[in-house]
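The structure follows.
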Amino acid sequence: MLSEYEWQALMLSLKISSVAVLWSLPPGILLAWLLARGRFPGKALLDSLIHLPLVLPPVVIGYLLLIGMGRQGLIGGWLYESFGLSFSFSWRGAALASAVVAFPLLVRAIRLSLEAVDRRLEDAAHTLGAGRLRVFATITLPLTLPGILAGTVLAFARCLGEFGATITFVSNIPGETRTLPLAMFSFIETPGAETEAARLCVIAIVVALAALLFSEWLARLTRRRLEGTC
Amino acid sequence: AESLSIYAAASLTNALNAVIAAFGETHPTRVIANYASSSTLARQIAQGAPADLYISANLQWMDYLTETGVLADDSRRTLLGNRLVLVTGTNSALVPVELDQDWNLAGALGDSRLALGDPDHVPAGRYAKEALQWLGLWPVAEPRLARANNVRGALALVERGEAPLGIVYGSDAASARVRVLAEFPARSHSPIDYPIAIVRSADRPAARELLAFLSTPQATDIFRRYGFEVR
Amino acid sequence: MLSICIGKRQGDLDLQLDIQLPLQGISAIFGRSGAGKTSLINMLSGLVRPDRGRIALGDEVLFDSRRNIHLRPEQRRIGYVFQDARLFPHYSVEGNLRYGSRKPDPQQFADVIELLGIGPLLQRAPATLSGGERQRVAIGRALLSQPRLLLMDEPLASLDLPRKRELMPYLERLAAEIRLPILYVSHSLDEVLRLADHLVLLDKGRAPLQGPLEEVWGSAQMRPWFAAEEVSSVLNARALSQEPKWQMTQLSLGEGLPLWVRSIEVPAGQQVRLRIRANDISIVRTRAQHSSIRNVLPACIEALQPDASGHQMAVQLRIGSHRLWAHITLWAASELGLSVGDQVFAQIKGISLNQTDWAAHGGRP
Amino acid sequence: MLSICIGKRQGDLDLQLDIQLPLQGISAIFGRSGAGKTSLINMLSGLVRPDRGRIALGDEVLFDSRRNIHLRPEQRRIGYVFQDARLFPHYSVEGNLRYGSRKPDPQQFADVIELLGIGPLLQRAPATLSGGERQRVAIGRALLSQPRLLLMDEPLASLDLPRKRELMPYLERLAAEIRLPILYVSHSLDEVLRLADHLVLLDKGRAPLQGPLEEVWGSAQMRPWFAAEEVSSVLNARALSQEPKWQMTQLSLGEGLPLWVRSIEVPAGQQVRLRIRANDISIVRTRAQHSSIRNVLPACIEALQPDASGHQMAVQLRIGSHRLWAHITLWAASELGLSVGDQVFAQIKGISLNQTDWAAHGGRP
Amino acid sequence: MLSEYEWQALMLSLKISSVAVLWSLPPGILLAWLLARGRFPGKALLDSLIHLPLVLPPVVIGYLLLIGMGRQGLIGGWLYESFGLSFSFSWRGAALASAVVAFPLLVRAIRLSLEAVDRRLEDAAHTLGAGRLRVFATITLPLTLPGILAGTVLAFARCLGEFGATITFVSNIPGETRTLPLAMFSFIETPGAETEAARLCVIAIVVALAALLFSEWLARLTRRRLEGTC
């Protein structure tokens, strides 16, 4: 059904998006928590910084990543020399680009849910002897689940569609960084390849739909548990 | 087997893929093509991308790399050329025209616009601007441009009938949804050249071998078939 | 000793308290809505930080503004049953119950769920519980966290009468047996009387009255809290003997002053707390013959106070060394020609000295 | 007439009710936690849709599963005071109060805030109110929405005693004066007795008992709800005359059976409801001399029931056409040698027939 | 301080983003409400449809817009013929492209907040005689404010950064559709114009920061009101 070319792009897209989202989750939750609960100087600045990837066109983000995280970049160079970790022109770079672009969406959704958590429940947990960490893990986090789910699916979808930052940062290398949108781009750039482009478009839509339905199902499940109807 | 990475302007996708397939039939070397806009690729190569060869649709970005010193200077040459054509959508009633200063561009456009690559940075747009200037039509055209971010963008506008006219490369006009109304005279703009070069750090026999293959009759035939001119 | 000396501004309320509470038995915090009861126990639990002052539980300082000490709630081992149940919606009832169990004790668990009647609810989600069910689970949850002090913010307000009755003896037993001191916020005099050994009256952020229940009960500041029919005297009696045939117990209010109450299981010599409602005492000049009233004791009139309503007379009686209030109509007082110093008989309707009106001091001083 | 005939499965609870309630006065819905009280009034308010059946308020059908009628809550004009206050957090107290005012009535507004003592809170945010303050605002909000039927789900549970006392007469007045019928959910017998004219007992989703309070009160199904000391008889008496000097009122239980109670302002001839606790009646063979007890009435023993605890005897007395229960000790019963048919005297301690124990029927039948 | 060129792009960006967000709000709130509360067949499909602009690369969206909303497009043609409304090559088209791309972010944030609204408060309002519309306007909507704010600022930021769909749909016309990102792109594509690109980048960041701080301030205000500390 799928050509090898499409299959490769699809698998790559899934891998890159999943890795990007999974790695984003812990810092995303942490930052959302800091923004929702913390009171510290520079909070507004941090908030803005997190939103930056939204405001800047992805191409610019890709360019900044190329300069900063490339093997000759400031941070990228240091990472490479210290840990041998390189993002350049590899799928890891594509995941990094996707993660950066999708990060604000993740953080916002989680933060919104965190702010809706009833803090009196956390108080109750404290009086039952639970320390901050346990309260966070057993009360705050589970009650934030709807937001985490929403954020995850938003970010995953955004990662699936990420194009500009990826191609600018890690280029369009078959089997390494050529995700669905990049493959789509190649076809769009080719006269007469509309059908192929449309096929890829449909694949992307189907994948996103599946992810969405799955997340909706999970969300319903958690809601049901809260309402005790199951 | 050895593997080569060729970074090429996106407009070459079809043609170069066919040439690489031909190369693969007679050579053990694996060739991976990476298509993006010339500028993107140039910047990445400047940042140390693992490229072996670079084909630009744009002299400026090749010059930029030459100045940066990452290219094997002696390997640079002009590989391909292209023509500039005036196209319209297949549904359009416009008829082929003679391009000279009497051509009623404004009338042909009606209340719409002329689609081309952004003359500020897209090479095809820059050539189009030269040609329009040469024809003396630039003052009429300039306020009515639809500047796309690449040739394909311009072509899409014409294909969808959004813009009645567009100026694109001959190689792009192969699309089934546009008709060529006229070809700009070669002397109306600077030559449309696609320079190629080997990246200095990747200068090895296999790269030279591929570079040579791109100029063999087998390869040039394919390029021509996709609407390119061979220099 | 739980010593609290704190100040806190909270909206319109300026809380300034200096309270000493014993670390045994049940101490009631009593006061009207908005008096600052919840605010006070929030500060004890560590959820709210006082502006200044000091809180110490035994030797341990929980809060000291001068030494900048403020233990976090989870470091205090103080249980808290909230005015609203605050069950965790994402845990089952059982999950809620087990949440705070430091070292789970299956026996205690079984005891608590049986007592609270929440066995059938264990697998339910909190959202499906009724108001009373929710509160019972919340009480169980706090008990199972094995605290060294338990705060309860009107825990019985949403329970029905049979459940209240069922729960109260358990709370007493808790206080007596496991020596779990309880701070009990309530605005129900019945609950206070039934449960508390110690009472703190809170009024507009101050504590004008505090002390052992028997002492505080009769004081003038408590008066506004009683409706006429609830005025009562609290006194300590000593158990004398049992009368198995009639299921009665004889107490003594002093030499030659026996008092019969429904049989209670206390060893002879044991101190027992009694409450006698002023309305349950009638006064006669001569001992009645053939009356169903068992307890007729010689008394001396110490004071006569007509009340504001103009139809009732509060008569203070001395029986042995005890003082009791009796309410009779002015009409009767006039007919009987009562005056201070008169010797009369107080008829105490024996059966009305029943379970709610006594509390065994279970080994406590 | 509010007629309710509905079925509804709700979790473990299978609610099947067929209830007729008068559209005047206060009807109490009484039952233990989880009996389905809240579920029932949720269906009346329209918030929950019954599985089947019919609900009609006077002539208007609110719900009919057969005709597929289900009026939305806002179409029913039924006020609802929730078990939890449910104030709108984004409105001030005043905003909450005014939310439901269809045609604002400044006089009513002033009356309500004065009565509930919420004047000083008007500009406050709900989050800063104490539990009792919150509930008072919620009551005010529902009253001000000018409903034609008011549902109250344990509205007093979080109020302190003085506030409760303050509020109760207002609720009675409401029911009597503006003819606003009230459905009052409670598990407090005191509240029910004080407020209700009509009683529905709910038990595990059924209503085994319903009717006018006086009728229902003495029935066997109510027994488990009373602790021994609360067993009481409710009876109707007729006002006879006032005794201004002693601030007493004479009632009549029948020919030659006067009963003195503290003065109540009712015209002669008016029906008055009395509650007499079984513990407040003592029995004597001969009329006592010089006693403070005013009410001593000839009675005939109709039945003698020793109770399970083995120390107490329930004596059913007939006084005129009325039946009353009296509790005495078995010991006393044996000493007095009581047997069925004996003529004795019932001593009723007059003063304990006080305000909580009667309710004037204010013109209602 | 700003060149005329920069000033023009900035103003255009602000206008287009504002218009896009303001027009998106009513349908965004409606759809969020439908998704949070409604039970109807095709809900999952609608949900997916709304998320599509996230999954597809903006250039593809621009292309699809061209097909659907262009003057000869299915809907666009009809709009033009019936109302003389044309999106082609005008700032309206840019606003439409931005709105489409930012729409999922808006809807998600609002929906998340809507789902956190305590429905028992709505019940209470109903019993006070308020019909569905009044309850929605006076209870649901105000309590959803944090989500609406968050969604608005997310969407606004996304609109400020929108590039691919805009340039594909309405091309890059100075003074009409050349927003900040499009202007930025021209410079990035020109060798040696990094300074100019960086200037525009800074302008975009400053604008986004201002919008963000404003929204945070608003959010704090509403939170304070709820907690009654002001």
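Read from first to last, the chains carry the letters A, B, C, D and E; within each, the first residue is number 1.
Basically, a residue touches a chain if its C-beta (ideal position, glycine included) is under 8 Å from a C-beta of that chain, and two chains touch if they have at least 3 such contacts.
Which protein is which chain? UniProt says A, E = Molybdenum transport system permease; C, D = Molybdenum ABC transporter ATP-binding protein.
A quick note: this is a predicted structure, and the numbers were derived from the prediction, not measured.
Any chain bridging subunit B and subunit C, meaning touching each of them, is among A; the list is complete. The largest tally of C-beta contacts between two chains is found for C-D.
For this pair, subunit B with subunit E, the centres built from the Cα atoms lie 35 Å apart. Annotation: 58 Å between the Cα-based centres of subunit A and subunit C. Chain centres here are Cα averages; for subunit A and subunit E they lie 20 Å apart.
Across the assembly, subunit D contributes residues 84, 124, 128 that each touch 2 or more other chains. The multi-chain contact residues of subunit E, meaning those touching 2 or more other chains, are 63, 185, 188. The set of subunit B residues touching two or more other chains is empty. All chain pairs that touch, listed by label, are A-B, A-C, A-E, B-E, C-D, D-E. Note for the complex: subunit C touches subunit A at residues 45-47, 72-74, 76-80, 82, 84, 86, 88-90, 99-100, 102, 124-128, 141-142, 145.
On the subunit D side of its complex with subunit C, the touching residues are 11-12, 31-34, 38, 83-84, 120, 124, 128, 130-133, 136, 154, 157-163, 165, 187-189, 224-225, 227-229, 243, 245-248, 260, 262-263, 279-280, 282-286, 288-294, 309-312, 326-334, 336, 347, 349-352, 354-356. Residue ranges on subunit A touching subunit B, taken from their complex, read 63, 66-67, 70-73, 88-89, 167-168, 171-175, 185-186, 188-193. Remark: subunit B residues 37, 39, 42, 60-61, 63-64, 112-113, 115, 118, 120-122, 145-149, 153, 156-157, 160-162 touch subunit E in the complex. Against subunit E, the residues of subunit A that register as touching in their complex are 44, 47-48, 51-52, 54-60, 63, 104-105, 108-109, 111-113, 115-116, 146-147, 150, 153-154, 157-158, 160-164, 181, 184-185, 188, 197, 201, 204-205, 207-209, 212-213, 216, 223.
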